[in-house]
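Step one of this worksheet: look at the structure below.
Chains here go by letter, A, B, C, D, E and F, matching the order in which they are written, and residues are numbered from 1 within each.
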Amino acid sequence: MSSVIVGLKRKQIAQLIAKGKRLDGRGLTDYREIKVEQGIIERAEGSARVLLGKTEVLAGTKIEVGKPFPDTPNEGVLTVNAELVPLASPNFEPGPPNENSIELARVVDRGIRESKTIDFKKLCIKPGKKVFVVFVDVYVLNHDGNLIDASALAALAALLNTKMSNYEIEEDEVKIKPGYTPLTLTKHPIAVTFAKINDKLVVDPWLEEEQTMDTRLTITVDDEGNICAMQKGGTGYFTPKQVLEAAKIAGEKAGEIRKKLNW
Amino acid sequence: MSSVIVGLKRKQIAQLIAKGKRLDGRGLTDYREIKVEQGIIERAEGSARVLLGKTEVLAGTKIEVGKPFPDTPNEGVLTVNAELVPLASPNFEPGPPNENSIELARVVDRGIRESKTIDFKKLCIKPGKKVFVVFVDVYVLNHDGNLIDASALAALAALLNTKMSNYEIEEDEVKIKPGYTPLTLTKHPIAVTFAKINDKLVVDPWLEEEQTMDTRLTITVDDEGNICAMQKGGTGYFTPKQVLEAAKIAGEKAGEIRKKLNW
Amino acid sequence: MSSVIVGLKRKQIAQLIAKGKRLDGRGLTDYREIKVEQGIIERAEGSARVLLGKTEVLAGTKIEVGKPFPDTPNEGVLTVNAELVPLASPNFEPGPPNENSIELARVVDRGIRESKTIDFKKLCIKPGKKVFVVFVDVYVLNHDGNLIDASALAALAALLNTKMSNYEIEEDEVKIKPGYTPLTLTKHPIAVTFAKINDKLVVDPWLEEEQTMDTRLTITVDDEGNICAMQKGGTGYFTPKQVLEAAKIAGEKAGEIRKKLNW
Amino acid sequence: MSRKPEKLIDKKGLRLDGRKPDELRPIKIEVGVLPNTDGSAYIQQGKNKILAGVYGPRELHPKHLALPDRTVLRCRYRMAPFSVQERKSPAPSRRDIELSKVIREALEPSVFLEYYPRTGIDIHIEVLQADGGTRCASITAASLALADAGIPMQDLVTACAAGKVDNTIVLDLMDTEDKEGGADVPVALMPNLNAITLLQMDGILSLEEFEKAANLALEGCRKIYPMQKEALKAKYVSVKEVEE
Amino acid sequence: MSRKPEKLIDKKGLRLDGRKPDELRPIKIEVGVLPNTDGSAYIQQGKNKILAGVYGPRELHPKHLALPDRTVLRCRYRMAPFSVQERKSPAPSRRDIELSKVIREALEPSVFLEYYPRTGIDIHIEVLQADGGTRCASITAASLALADAGIPMQDLVTACAAGKVDNTIVLDLMDTEDKEGGADVPVALMPNLNAITLLQMDGILSLEEFEKAANLALEGCRKIYPMQKEALKAKYVSVKEVEE
Amino acid sequence: MSRKPEKLIDKKGLRLDGRKPDELRPIKIEVGVLPNTDGSAYIQQGKNKILAGVYGPRELHPKHLALPDRTVLRCRYRMAPFSVQERKSPAPSRRDIELSKVIREALEPSVFLEYYPRTGIDIHIEVLQADGGTRCASITAASLALADAGIPMQDLVTACAAGKVDNTIVLDLMDTEDKEGGADVPVALMPNLNAITLLQMDGILSLEEFEKAANLALEGCRKIYPMQKEALKAKYVSVKEVEE
């Protein structure tokens, strides 16, 4: 978009928001439609495709044998990686992960890790030597705004869909046995992202709102309504009051989404 | 060369080929002179220098202890790498392998691998844990066209020249013993490359022909006349009839080369 | 600096040197003031900060368990790395090590290694399998000339300050025990760098002298006055007579520095 | 961790998935699936799931790559980390780089490059799930993505492999057949021009077997071609319906 | 190899290093410490030892990154290999890259970017020793380095974390508290504008706990702010003294 | 896997390969061996086998590296993976990068850089087999490649090492002597100008030993210099013969 058009759009979006309205008809704290489809990649241990409006994210999990971190020798490892696939936007360049895809992966990672969704102790094979590594690969297929919430949903849905091969330990080697056991998750952390536009907060910004927003705040909330991760992004600021307001709304929105998805 | 000169050269070459002739006097299915010199790099387990006309390729082999691939735990590993050394052409840029050197290495690799030239089972030390890795490094020293055929010849000649140190296994460790044993090869796959110029096929294109050709086809043939690898390259196309014609000629040419080299 | 100013500065420096004087008042073989502060990074096994005039270098050591080199299975490993931190000069670009930081690290490394300052045999845990790796990381914080001498001093001072955790070997694993033992060093190699300006040698060139010098020579000398490393740098040349003159002065200067620092 | 099957063709002459030797896997093609690209297509062929998208013709970055007399076609083939049995590192493998090259060279003969001098066209292919024959399915999809982007072409490019499995020449090998079988011959064709734009082979085939396999692969291409055209038509019909 | 402490808060309500829950670690700030930069600052906060330096506004390389209407702020946060328990590889980690981004975004709202179109400002941060809370201490120092470089700003940016340790909300977590504790909330503030420019969180906090922690962190920022101004003044007084 | 020899000098004062202490290894030099370069040379010194080639003066890429008042000399030293005992990774090692730098700096004083402003000269060195002293043999060959390319120079650069082995100062160390010996002093010289353009040293030498070794190395250079000139002449004689 040319900068003139962006300027006009920004004005239009801001004026609407001042009246409590949005360009696509939503209320300020309404999410776009959420669709979750699980198990669509049979080769993966778990997978899910999430549509958040037109934003589309595919996540797949793989479980491999690896080494624990030196400071947590009795725990399995979680590795979240995000790819901003060039197909998803003309602005996504091919190449190694940049600061945007790294931030996306790390925010999704923290939501899962800090909420203690996965019992990492159960993923230990031989303390200090061998553990299971859970890879979650987030593939952004269409970018229409709010990649964090869509990616966090896709990652969680893929983990909920994950089945590990049964195994036994023989002479310190992992031998695969027939059958599968689902990965047990104890929590369902939901990321809720706010955009600040013209000093007002809106939930689940879509692409045109993101292009005009001042700044962004993501709050991840667990099943008990506790906050387990936050991330401010963008070059603007929030007042302390706005942060607390957002934290309260995030709890409500996370509950609604969890209920809607039966999680 | 300026594009005007390329245009003139292209016309000249095409006119000659239409008459069944070539700029350097060869017939359409004639190879340039082939010279093979083996064992010139004493530090390498095997080595060979191949001259195909003025095209010059040096190949060296190294054998090291490594890990097998997970899907072939009882087999040694072959790794072919090709370097388009900047000395060989002003158009070769220094830097990590690009698509041309990777394609070259992989076509040479497939010819050796698919023809089952090497008995990989014999290179297993401890199944799933330790095997011998055969490195073939192809070093292009002068580029005067048809790097694939020259490189495939150099790689094969270096393998034929390869001697492994004798060894015994002590407590899962490889201990070197005095003496050497030649690597046994069961096949002699020969790559035969065609250029299509003005809808005619010529064998073993040299640099000026490559600069004017529409497209390229390599067919690798084993001692029984079986095809074990093919690779079309370049942005043109072949008719099905041309492909079959090329396959037939490739068998004849491979036989001639094998005979000439006493392989 | 513009090239005109550089030209004027060069002339001024050269004229002074012809008279045996330097822009900052030093004699031709005088060092700037040397300050060494050890133990300032508590997280490191050893550390030191060196000021050579305004040139400032911080070095820290870390000791980890690693693998020996194949040709020295009974010896620990020394790894010297140098970072030309962008803070130190507007001319230092962020990014992976370039030829200047690699040369700096390797000259510092050779001085320590070749003088046999560290008894690497004592750092072997299990021959061929496990040894201690001594990392020396040289961090250049302010560049005002003669980075080699300052870095060599900082690396040596950090090594002299290094304490290893006590340990015992249990089932081939290193178990940390309470307490520390200092790393024993047997030598104190000192690097002495000369700049050749207008066919005269000056010791410890500072930044403005480096910008105008023809070439550079570093001579590292051990406690017995033996030479253990040399490195000519820059695009000029030395006469054989100048080299021998420098070697003699280097021995004297190294002795003075060692005495001053009580090493 | 999958065990190797003992036989790839059963007594009735049928393959592991019940197909006859000359039978294609079920194919589903959809055009115009990615709203942010200039053209796109999705293909399912067996368990292969592949997206192809096109940007351009557009300004080239970096600019010095631009050519005065034609557009520059670039192609990037990648596999998602979860698309295969062992997780694939997201960094491009040597195989990714070779396949990007041969796919580009398979598509380039179909495009009128000289229509858009000084520009670039980028083809991005993402293999979401791999099941043997991804390069062929990628070409089939990518050619449709080019068409969907409105790039002028002489013909669509259609691709299919044939090969040898338990001494039988078979069409459209799936993953196990590819890995355990005796040979694989991927072919790309501009059907109207009878022009082969991709041809590779690995395994061992006699001259006769090769001829049979190549012909079978070409036949496969000719079977897929109408499905491509159908998918293209479906998109424009649905667009028209929306517009009306 | 350090053993984990059993309790992070003792019976008297004091922390491992003897601090009260709402107490900052000792802080030492110095401005103008790096002669070759345009502006610089050094901070010690507990055992954190961090240098920040600024170059610019200056010409941007590569040039095509320049913007017609404002300066481009870049930020590079790195940790020295010897700054942490296990040697850190000098190559940038994913954490380094994320922190460089959030630190830049924490500082950018304070800078009048439009004063210097077509230029760039580079902020380099080197963590020489890390002891928990490096991103906050880095912001505190980097904002001073910008001021020292004479970059026009609306306010200084001051940063501090609060968190939860043994069920107590505490200020300015040190390394062990950060690793073994229950939550960490780093916050950056432009104190005069009451504007939060960095906010992250990990761990588990109820809404009430979060509110308490956020307020404590903001209080921490307001305690550090005068130290920043003091350090800035000290430099200019000493410069003046030198000049006189 | 080679075993270490017990003695490097035998009772008769001869070395492992039968040489006297001040004896060079057999040297074979050929000029003009690579048809696609602007100048080239091949050297065998003992078992060292090294190719050097030159492109230029030519336009520099990227252009912003060009200098208004002189040519830019670049040098790239690499070892073939099969050139050494343990296979060398094709990626440049830190040693490769240091050697590229010191070789360039050894050659640069000989070239009239100001003759070709805004251009670049690229020197590529490929070590096909390494046997100790590759940097010196590379300089000897590269200087001839520059001459063969017609680059105007004040003098050829000739290089040779001396060192200490079993307490004897010896000339032109081969691999085993280099690895097991006590010191190595590689030197490059412009013989007509008596100008030392490369000087490195590792090992332990007293001042007297160093002086002796340095003088021996310079003597070695002066022995190789006529061989260089001979090789250059041989090429132009043979060219002339061809032309006649």
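We adopt the following convention: a contact is a pair of C-beta atoms (placed from the backbone, for glycine too) under 8 Å apart; a residue touches a chain by one contact, two chains touch by 3 or more.
Small disclaimer: the values here were computed from a predicted structure and weren't measured.
**Q** Give the chains in contact with both chain B and chain D, ordered by label.
**A** Of all the chains present, none is in contact with both chain B and chain D.
**Q** If you average the CA coordinates per chain, which chain's centre is most distant from that of chain F?
**A** When every chain centre is compared against chain F, the largest gap points to A.
**Q** If you average the CA atoms of chain B and of chain E, how many Å lie between those two points?
**A** Roughly 57 Å, centre to centre.
**Q** Return the distance between the CA-based centres of chain E and chain F, expressed in whole Å.
**A** 51
**Q** Which whole number of Å gives the spacing of the CA centres of chain C and chain F?
**A** Their C-alpha centroids are separated by 27 Å.
**Q** Which positions in chain E are in touch with at least two other chains?
**A** Those would be 86.
**Q** In chain B, what residues contact two or more other chains?
**A** Expected reply: 97.
**Q** Classify the inter-chain contact topology: is it line, ring, star, complete, or other?
**A** ring
**Q** Under that contact definition the chains make a ring. Starting at chain C and heading to chain E next, list them in order.
**A** C, E, A, D, B, F
**Q** In their shared complex, at which residues does chain B touch chain F?
**A** 40-44, 47, 54, 58, 60-62, 64, 81, 83, 85-90, 94, 96-97, 135, 137, 139, 141-144, 165, 176
**Q** Please output the residues of chain A touching chain E within their complex, sorted ascending.
**A** 70-71, 97, 99, 102-103, 105-106, 110, 113-116, 217, 222, 225-240, 243-244, 247-248, 251
**Q** Which residues of chain E touch chain C once you look at their complex with the stated criterion?
**A** Residue list for chain E touching chain C: 1, 34-37, 40, 47, 49, 51, 53, 55, 76, 80-87, 90-91, 122, 124, 126, 128-131.
**Q** Flag every residue of chain F that touches chain C in the complex, lowest number first.
**A** 86, 94-95, 97-98, 100-102, 105, 108-109, 179, 185, 190, 193-207, 210-211, 214-215, 218
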